[in-house]
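Note that subunit A is present in both complexes that follow, paired respectively with subunit B and with subunit C.
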Partner chain A sequence: MKSYDVVVVGGGIIGLATAYYLVKNGVRKIAIIEKEYIGSGSTGRCGTGIRQQFTTKEHIVLMRESVKIWRLWEEILPKPIHFRQGGYLWLLRSEEEDNEYRKYVALQNLFGVDSRIISKDEIKEIVPDINLEGIFGASWCPSDGSAYPQDVLDSLEMFLKSHGVDIFDYESVVDFKKTSDRVISIKTDKDEYALDNLLIAAGYATKSLANKLGFDIPVKNYRHQIVVSEPLKIFLSPMVVDRSLYFTQTYRGRIIGGTDTNEEETDDLTLTYNFLQKFSSELVSVFSKLSSVRLMRHWSGFYVVSPDKHPILGPTPLKNVFIGTGYSGHGFMLGPIVGKLLAHYITYGMFFLEEANHLTLDRFEKGMLIQEKAVIG
Partner chain B sequence: MDKKNVIICRCEDVTYEEIVRAFNEGYKDIESLRRYLKIGTGPCQGKTCIPLLQRILYELSGNFPQNITIRPPETPVPFGIFVNVPKK
Partner chain C sequence: MEIFEHPILRFERKSKITFFFEGNPVEAYPQETVAMALYRNGINVFSYSPKLHRPRGLFCAIGKCSSCLMEVNGIPNVRTCILNVQEGMKVKRQNGLGDLPKTSEFLKSEKEYSPTVLVIGSGPAGLMASITLKEKGVDVLLIEQNPNLGGQLIKQTHKFFGSQKEKAGTRGIEIANELVKELNSLDVNYFTNTTLFSFYPRENVFLAFKDNELLKIFPKFVVFATGASEKMIPFEGNDLPNVMGAGAAQTLVNVYGIKVGTNVLMVGAGNVGLIVSYQLLQAGINVKAVVEASDKIGGYFVHAAKLTRFGVPIYTRTTIKKAVGVDKVEKAILVELDENFNETSKEFEIDVDAILLSVGLQPSYQLLAQAGCEMKYIPSLGGYVPLRSKELETSVKNFYIAGDVGGIEEASTAMLEGKLASLSILKKLGFDVEKEKEALELDLAKLRSTPFSKKILQGLKEVAYE
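Moving on to the complex of A and B:
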């Protein structure tokens, strides 16, 4: 039987980013097991957005640190990941909203994020074609941005393979062998691997794998839909957020965006016409020029949502099992910092950021929840 | 004909030679070729090139690939068409 220091379940941004930092920490024998192809989960389906405009210290600090890594990765990974700091323009539609977001901006500034509240005139300068009717102002952070998920994964995969990490794709974890407090080996539909440490970063399936191991994670899966348009000449670099609508343009010229259709918890990724109507109506009302642009592709994926909309990271009731899940719709942007934190925890038994200590699974037992208000799409 | 000049994906400008090279680098299934070369991701969404790609993969590997994801819409549709006009 092959044996590994760390086995990672899940080939999404979290699995790959953690493996990246495990390599950096000097861990030698690492395997990633992915049920389909790398990026087949939420990561390859996501909206590309990376922002620091959050409403809690935990999210703001984690995202500030994550943006630093995104910038570094753009320079040092083997292939371009198309990280772009085009900013996030968060439209505000009333004085109350404006007042509320001023408080968030003050908190963001306190922790070193360069966001500010801007006027309609400034919005016009940043995105000239926005319909300003009914808009009061905006929360603007120029160092927010986006990266291209598949290019990020491709680049990480190339790095990992060249550093001796085994990546098994089209292979599904089906069972575990364990003692009372440790996992000894992991069984897939093709093989069995002995392991010292196990990270479950299996997105929508993390909870069911944990249940198989005898503990629960309080997350729920929600379907979220998203579209891209045909390619256009580049004209839009920020991510625009208008209530639950978000959209930007990728480096490949496509408008990418989504909105929230307030659905129930589900395991079903069926697409709905209702989404297309809601998205297109919201998009065209704030950016009428896009009315004649053609929608090219429509798909969906899961937000894995935790009770307080914050990630659940690190230790579990089993001594050598670690988890990363519950990103509630922003796990792509958190990927680099969460990967670094999880790798640190697996290697050294602790986090290096105080804020991450508030994000462990036992917070639900202890009743120490943190509430995030800024959730979109 | 020089294989270098045979364009398989017209939307994204992917040539026969690039596919063979990617295959030899380890991108052996449609999904990973699509991610790597962007083949089949343009306005026609692979209607022309994916069947050609299936055949090329069959020539290269002896297996006929079946795992193709098809996503709506059938053909690009303007956003304006879906806009909800409130009933009078």
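Moving on to the complex of A and C:
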């Protein structure tokens, strides 16, 4: 039986980023098990956005650190990931909203994020074609941005393979062999692997895998839908947020975006016309020149949402089992820093950021929840 | 590039209108598409590619590909081959990706329809399906992407083979005329110039655009009769303007009376290649050669014999290696193949200004795949095709197929399948059609009993389910 220092279940951004930092930490024998293709879960389906405009210290600090890594990755990973700091333009539609977001901006500034409240004139400078009717102002952070998920995964995969990491795609976890407090081996539909440490970073399937191991994670899966348009010449670099609507233009020229359709918890990824209609009308009301642009693809994926909309990271009731889940729609942007944190925890038994200590699974037992207000899409 | 005299066709050309290409006034006939009007005026370059800025032109001419995208009235990526030209229209070449649209007004209205049966595509299969249903009083809505009803029949000037019942001995254009006349006399509800682009199962809604109007269609049954598109083969310069599908050339010549070129090369000696070559000759276009990669002519002997009589050489075991030209085809470099289809050192070039590809068709399966129908790749049927019952129902309940979308055959089988799909629906609706259906299934089996149908029958076996 093959034996690994760390087996990672889940070939998305979290699994790959963690493996990347495990390699950097000197861990030698690493395997990633992915039940479909790399990025087939939430990463390959995400909205590409990367932002630091959050409302809690935990999210702000984690994202500030994540952006540093995104910038580094753009330079050092083997293939371009198209990380672009085009900013996030968060439209505000009332004085009350403006006042509320001034508080968030103050908090963001306190932790070193360069966000600020801007006027309608400044909005017009950043995105000239935006319809300013009913807009009061915006919260603007120029160092926010986006990256191209599939390119990020390809690049990380290339790095990992060249550093001896085994990536098993189209291989499903069937069962685990365990003692009372440890997992000894993992059984898949193709093979069995002995392991010292196990990370479950399987997105929407993390909960069911944890249940199989005898503990629960308080997360729920919600379907969210996204569309992309036909490609056009680049005219939009920021991510624009207007209430629950968000949209930006990828480096390939396609408008990508989504909105919230207030859906129930579900395991069903069926697409709805209801979404398409809501998205289109919201998009056209704020950016009317997009009214004749054709949509090319429409898909859905899961937000794995935790009770306080923050990630659940690190230790579990089993001594050598670790988890990363519950990103509540922010898994892609958090990927680099979460990967680094998880790799650190697996390698050294602790996090290197105080804020991450607030994000462990036991916070729900202890009643130490943090509440994030700024969740979009 | 206009054709004035034709042994079979008469082109009605009355008034002229003016539109603008790159700011310059250009004359066109109303009822022709933008792409055709440009070709009539000798304009072959429609856009420049995003990365390498290579010139691009027409390829399929029937709304199936994206080769003819241009900016029209400030809106980029418009399929000019299915858009009717209008007085004063502003048409521009796209240089790379399109610009952000200049207009803010697009969607003018929305309309909802709840037909009993939605028929998608108005070729032989779709027309026959619509007629069969409406004859029994069933409420049908027929959607067609192109400006004309009739699918590819409207450019078939040759007489059909087969039995009398399937209108053998009649020219395709005449069959189209007859079917359309029947459709109109039954007062079938139809929309042309309407692109159906999406299906949402949750709401059971099909979405289509007709000009600036969104159609939301909520049908009980659907017949997918979306037909097929022409295949492309890889060779250097295959993106040059005037490298196009043989069917596209046929549209230019037979539907609109426009010469595709003066001297042309036909790639592929199947029936399509042979028939289209002959039709080009009839229109006064010089077919310099037909090349065929395999060692024998694939099409019927009678069609090949007609070409030989005109002195057109058919080179077997030969293929195209390269299309040469600056803004459009100026010559073709051909190469002989060995018995394993590898290129030999024997190359030769011919001066042609158009290279036409008749290298097979593939079913237009995209909507079926989107609708969740179970698909299978069957080379003998042309590519991805849906599994279907004997009654032509797909794996999605109440979704039926008819014609080439289920596997490449020809117009006679498409008509029978259109009828069969409709009879199956009628049966579900409680009509007594058992006898008619049995007779029809017999006719269909007869049509497929020739040696040419062997491979098709084998393919059909692989996609049959109960």
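We take it that the second predicted complex is superposed on the first by the 377 of 377 C-alpha atoms of A that agree within 3 Å, B and C clash if a C-alpha of one lies under 4 Å from a C-alpha of the other, contacts with A are read in each partner's own complex, and residues count from 1 in each chain.
The rule we apply is simple: contacts are C-beta pairs under 8 Å (C-beta built on N, C-alpha and C of every residue); 3 or more make two chains touch, one makes a residue touch a chain.
None of the values given here were measured: they were computed from a predicted structure.
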item	value
First (subunit B), second (subunit C), both or neither touched by A:R297	first
Partner chain(s) touched by A:I135 [first = subunit B, second = subunit C, both, neither]	neither
Subunit A residues touched by each partner, larger count belonging to subunit B or subunit C	B
Which of subunit B and subunit C A:Q150 touches, first, second, both or neither	first
A:T270 touches, of subunit B and subunit C: first, second, both or neither?	second
Partner chain in contact with A:L353 - subunit B first, subunit C second, else both or neither	neither
First (subunit B), second (subunit C), both or neither touched by A:K278	first
Contacts of A:Y37 with subunit B and subunit C, given as first, second, both or neither	first
Contacts of A:I370 with subunit B and subunit C, given as first, second, both or neither	neither
First (subunit B), second (subunit C), both or neither touched by A:G253	second
Contact residues common to both interfaces of subunit A (with subunit B and with subunit C)	230-231, 271, 273, 276, 284, 290-294, 298
Sites on subunit A touched by subunit B in the complex	36-40, 44, 150, 153-154, 229-231, 252, 271, 273, 276-281, 283-284, 290-299
Complex contacts: residues of subunit A adjacent to subunit C	129, 230-233, 235, 253, 270-274, 276, 284, 288-294, 298
Contact footprint of subunit A on subunit C as seen in their complex	50, 75-77, 96-107, 197-198, 200-203, 205, 207
Residues on subunit B engaged by subunit A in the complex (per definition of touch)	29, 31-32, 35-36, 38, 41-43, 45, 71-73, 76-84
